[in-house]
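My questions will all concern the structure given below.
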Amino acid sequence: MTEEKALYNYLIRLGDNALILGQRLGEWCGHAHQLESDIALTNVALDQIGQARLLLSEAANLQGEGKSEDHLAFHRDEQDFRNNLLVEMENGDFGQTITRQFLFDVYQYHLLKAFCKSENDFLKAFAEKSIKEVTYHRSLSRDWMVRLGDGTENSHQKMQDAINLLWQYTGELFEMDESDEVLMEAGIVPDLSEIKSIWDKEVKTVIDEATLAIPDTRGFMATGARKKGEHTEYMGYILSEMQYLPRSMPDAKW
Amino acid sequence: MTIEEREREFQEKIDSGQKIEPKEWMPDEYRRQLIRMIGQHAHSEIVGMLPEGNWITRAPSLRRKAVLLAKVQDEAGHGLYLYSAAETLGIDRQTMINQLITGKAKYSSIFNYPTTSWADMGAIGWLVDGAAIVNQTMLARGSYGPYSRAMVRICKEESFHNRQGYEIIYQLANGSEAQKKMAQDSLNRWWGPSMQMLGPSDADSTNSAVTMNWKIKVESNDTVRQRFIDRTVPQAHAAGLTIPDPDLKYNEETEHWEIGEIDWDEFYKVIKGYGPCNAKRMKARNEAEEQGKWVREAAAAYANKKSKKQEKQVA
Amino acid sequence: MTEEKALYNYLIRLGDNALILGQRLGEWCGHAHQLESDIALTNVALDQIGQARLLLSEAANLQGEGKSEDHLAFHRDEQDFRNNLLVEMENGDFGQTITRQFLFDVYQYHLLKAFCKSENDFLKAFAEKSIKEVTYHRSLSRDWMVRLGDGTENSHQKMQDAINLLWQYTGELFEMDESDEVLMEAGIVPDLSEIKSIWDKEVKTVIDEATLAIPDTRGFMATGARKKGEHTEYMGYILSEMQYLPRSMPDAKW
Amino acid sequence: MTIEEREREFQEKIDSGQKIEPKEWMPDEYRRQLIRMIGQHAHSEIVGMLPEGNWITRAPSLRRKAVLLAKVQDEAGHGLYLYSAAETLGIDRQTMINQLITGKAKYSSIFNYPTTSWADMGAIGWLVDGAAIVNQTMLARGSYGPYSRAMVRICKEESFHNRQGYEIIYQLANGSEAQKKMAQDSLNRWWGPSMQMLGPSDADSTNSAVTMNWKIKVESNDTVRQRFIDRTVPQAHAAGLTIPDPDLKYNEETEHWEIGEIDWDEFYKVIKGYGPCNAKRMKARNEAEEQGKWVREAAAAYANKKSKKQEKQVA
């Protein structure tokens, strides 16, 4: 695999994560429990969509077929999306959304931190710009994890349910493939197993502080889903909503 | 000082163009009118997030999606300033929100119309925000300091939204046949409600006399509406769109655009709760409150534990 | 307006009602409170989709542009759908679905009964075939209206809420336009104001028996929506889900 | 008669090929095994509605939508027969449903896989129903009368579904490039689970010995699986699809298709609750029960009122 192809794959993966998570968060708009949270969730959504734009544009450039960020976002089929299943998961209640966000924020933060030392100029610049945003996301979701985990009996139970539901999707965040190998060799991306050690530790600290427990899910099927372009049953609905209009009018400009 | 003396002094301040600040004395009715208006205005920002929020997941490009997210976020921010401005008058946010979800307080009736196409994101920015700006620019000259300053700040952001909305409509109106149709259809649906949005004619407006006397409002609904019409009609024409009013004509003498009859019957029906989306909007706000209850309770419980712990550490 | 054009309009209207209602009912699949109701709701959905197929095929024939039922169902834009808003309304709980169904069933039943005397062969044959199905739908939804309206205090309240919500959309069922005029003159379709008298009476009887009340909604805006192709905010989501796949692959055969 | 005598007599009946009917004496363990099997089978029909129900609103043609609706309706009907068959053994439907939603009773593990493309509606009919038919044709020869007769009836409908499923896959596999890819992708995802679906190899099957002795099952899992493989591989080839098993080969001598290792580790993980959709399926069934509670209560209350009224009239 050429370094260019590997980088394209990697950018798509990062871009799809940002896009689908931003899309999910966008569903919250106007429905949160208080204005401040409406603003916060919209803010995270906006940052993710912003990141998706940068990443998909760069992927389209690398691809060199004259496509744009919008081609990749709106005219790709489900099997060609390479996001992690975690970001597709339904919003559920505010607690479930926060849990999904927290598990992802810690991951994204440390990934960006590693990219800050990347040999690839785009990825480095991208990370330096984005890490400020994600630092805020991570502190937001961490605060809410603790507040809701250690709030009332009811909120504690809801948060534990959310962790139990979402935990099985976290393993996939650290799966590596040939693209990772090629790019690691070139000093462009980090070894995800190192990110995992940091992630494990940080997540455990917060979950402990939130008086919550990490479930034993050794039994869960290793999905390997992202590599094969497999998705949850949610993804089809996400895409039909997101892509319907551009797909219905393929020649229109917006 | 007798109450009459205070009222005279207050009116003199108003007449000389001074701003009234929170801690100063003011007549109860002045306070009541302001709380009503600022509350309605704040609620309008909040409810107004819903028709636009409805298209975030369906925006047809990533740029448009980002712009729309930012816009809705601004509206939530406006809601926050406005609730804060109202709080300077001695009412708290939760009380106002309760008034909203129980139907006691109103919000701008135009948000009871559905957003059924992407072009509506253009029409709302262009027409609804356009009408709002004309109104808010007038309100920024009003007598109550915190409200007037909030209006200045909000107006700046609204102008930005307004340009973005017009850009969406303009691009559609100059796009494919289907897009043109979409733009015109959207204008057809939003024009009437936009005309109604600035409120009944001066003769029929129950609060106008008192609010104008105290310079809460400094111009009449009809004056503001005319300014909006004169601004908007040429924009429609520039985009190649037709205003859905067969009686629309330009008066060379007055240099104003004159419109046909406004459907006040529709306006009052929607205000009374019978519009196409009143039930849907109220349901959304009520559900947000209800489904968010456990979160608010948990946050309070956590804060309580925290402060007890700190007390202990101090003791 | 030619009789042919009027008939096309009328068939589209009937076909869209059947299609969108069938689509909504299809969402229930596997989620009802007992197996018997899963079967019943699926059955009604299936009948409606069957009717939609007949109606839209005939409309496509009349149109004479070589289109099929699927062209009309999957490649028409929202503004060109002419269903009543009632059938777009969200399912809500089982009681809300039953209420929507009941209000529509009584309407559809009497409409079909009138079509049995139509001067148009297609409409007559269509009605004779379909009225058996709709007779069953009507008795099903009527039974549940009474059972739930006169069940527990809780179910009574839920049913009253459903009626209060949906009632405003019933006026539109009886709105007539030029197509109605042309076809009435030719003895092809009934005067909807006559259907309305029968509907009013029958609906009132059942609602009375269900110990429920008809709300006063004189204040509601007369929508006139169907005539202009206006819809509720639900319709866009219904169509994006329903049409996504055929729109994404416009040349594929299924 | 002593229990041993009864048991001997019972076994003789079985061995001579007679059917056992509900009111006849039977060993407790025979009853227990049947309740377990029929219950699992009934639950599989009910849970099996979910992955297919997932595509009803998204079927790409009206004909396919109607066929899919009819299919899912048939499955609900099968659920009804099967619960009735189980009820002849002295367990009621609600008890069985409670066992399902509390996780005590199992259902066919294959329904814990997601349906993520339209082609899956083909793959399920072709592979999942195909495997079910081979199994059920065997079960139709089983010793318990009501179950055996339910199997005969169900098999007829399943054969119909199976043909429809293959037709969907065949058409996709012979359609556009994107459709071909969709079909192959779907086969890739469903092949492994279909191989697992007919249960562990004879040596590892805990219940096989006893159920075969009583002719509840008349053939082993491996025998049934081989029949399914021999039927299905040529169908895949006829459609131009590739079975995702590098070890697949035809044995000229035995005239059987031989497959590679089956992933039993995956099978047991999914059975234990760790598959991709276990949580989603259980949530759906639990929500249906919970959200339907008020309906069932209202129906009961109404029936109660009615019967009281009738009693009064009679009295």
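When the chains are written out, they are named A, B, C and D in that same order, and each has its own residue count from 1.
Quick note on the criterion: a contact is a pair of C-beta atoms (placed from the backbone, for glycine too) under 8 Å apart; a residue touches a chain by one contact, two chains touch by 3 or more.
Keep in mind the model is a prediction, meaning the values are calculated, not measured.
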| item | value |
| --- | --- |
| Pair joined by more contacting C-beta pairs (B-C or A-B) | A-B |
| Inter-chain centre distance, subunit A versus subunit B - centres from mean C-alpha coordinates, in Å | 35 |
| Gap in Å, rounded to a whole number, between the CA centres of subunit C and subunit A | 42 |
| Gap in Å, rounded to a whole number, between the CA centres of subunit D and subunit B | 57 |
| Touching two or more other chains - residue numbers and ranges from subunit B | 58, 178 |
| Set of subunit A residues in contact with two or more other chains | 77, 240-241, 244-245 |
| Chain contact topology (line, ring, star, complete or other) | other |
| Touch relationships between chains, expressed as pairs | A-B, A-C, A-D, B-C, C-D |
| Touching residues on subunit B, where the partner in the complex is subunit C | 51, 54, 58, 114-117, 178, 181, 185, 189, 266, 269-270, 272-277, 279-280 |
| Complex contact set, residues of subunit C against subunit D | 19, 22-23, 26-27, 29-39, 42-43, 45-46, 49-50, 52-53, 56, 69-70, 73-74, 93-95, 146-148, 150-152, 154-155, 158, 241-242, 244-246, 249, 251-254 |
| Contact footprint of subunit A on subunit B as seen in their complex | 46, 49-50, 52-53, 56-58, 60-66, 69-70, 72-73, 76-77, 79-80, 83, 118, 171, 175-176, 178-179, 284, 287-289, 291-299, 301-302, 305 |
| In the complex with subunit B, residue positions of subunit C that touch it | 77-79, 165, 168, 217, 219-221, 223, 225, 229-233, 235-236, 240 |
| Subunit A residues touching subunit C - in the complex, by the definition given at the top | 77, 237, 239-241, 243-245, 247-248 |
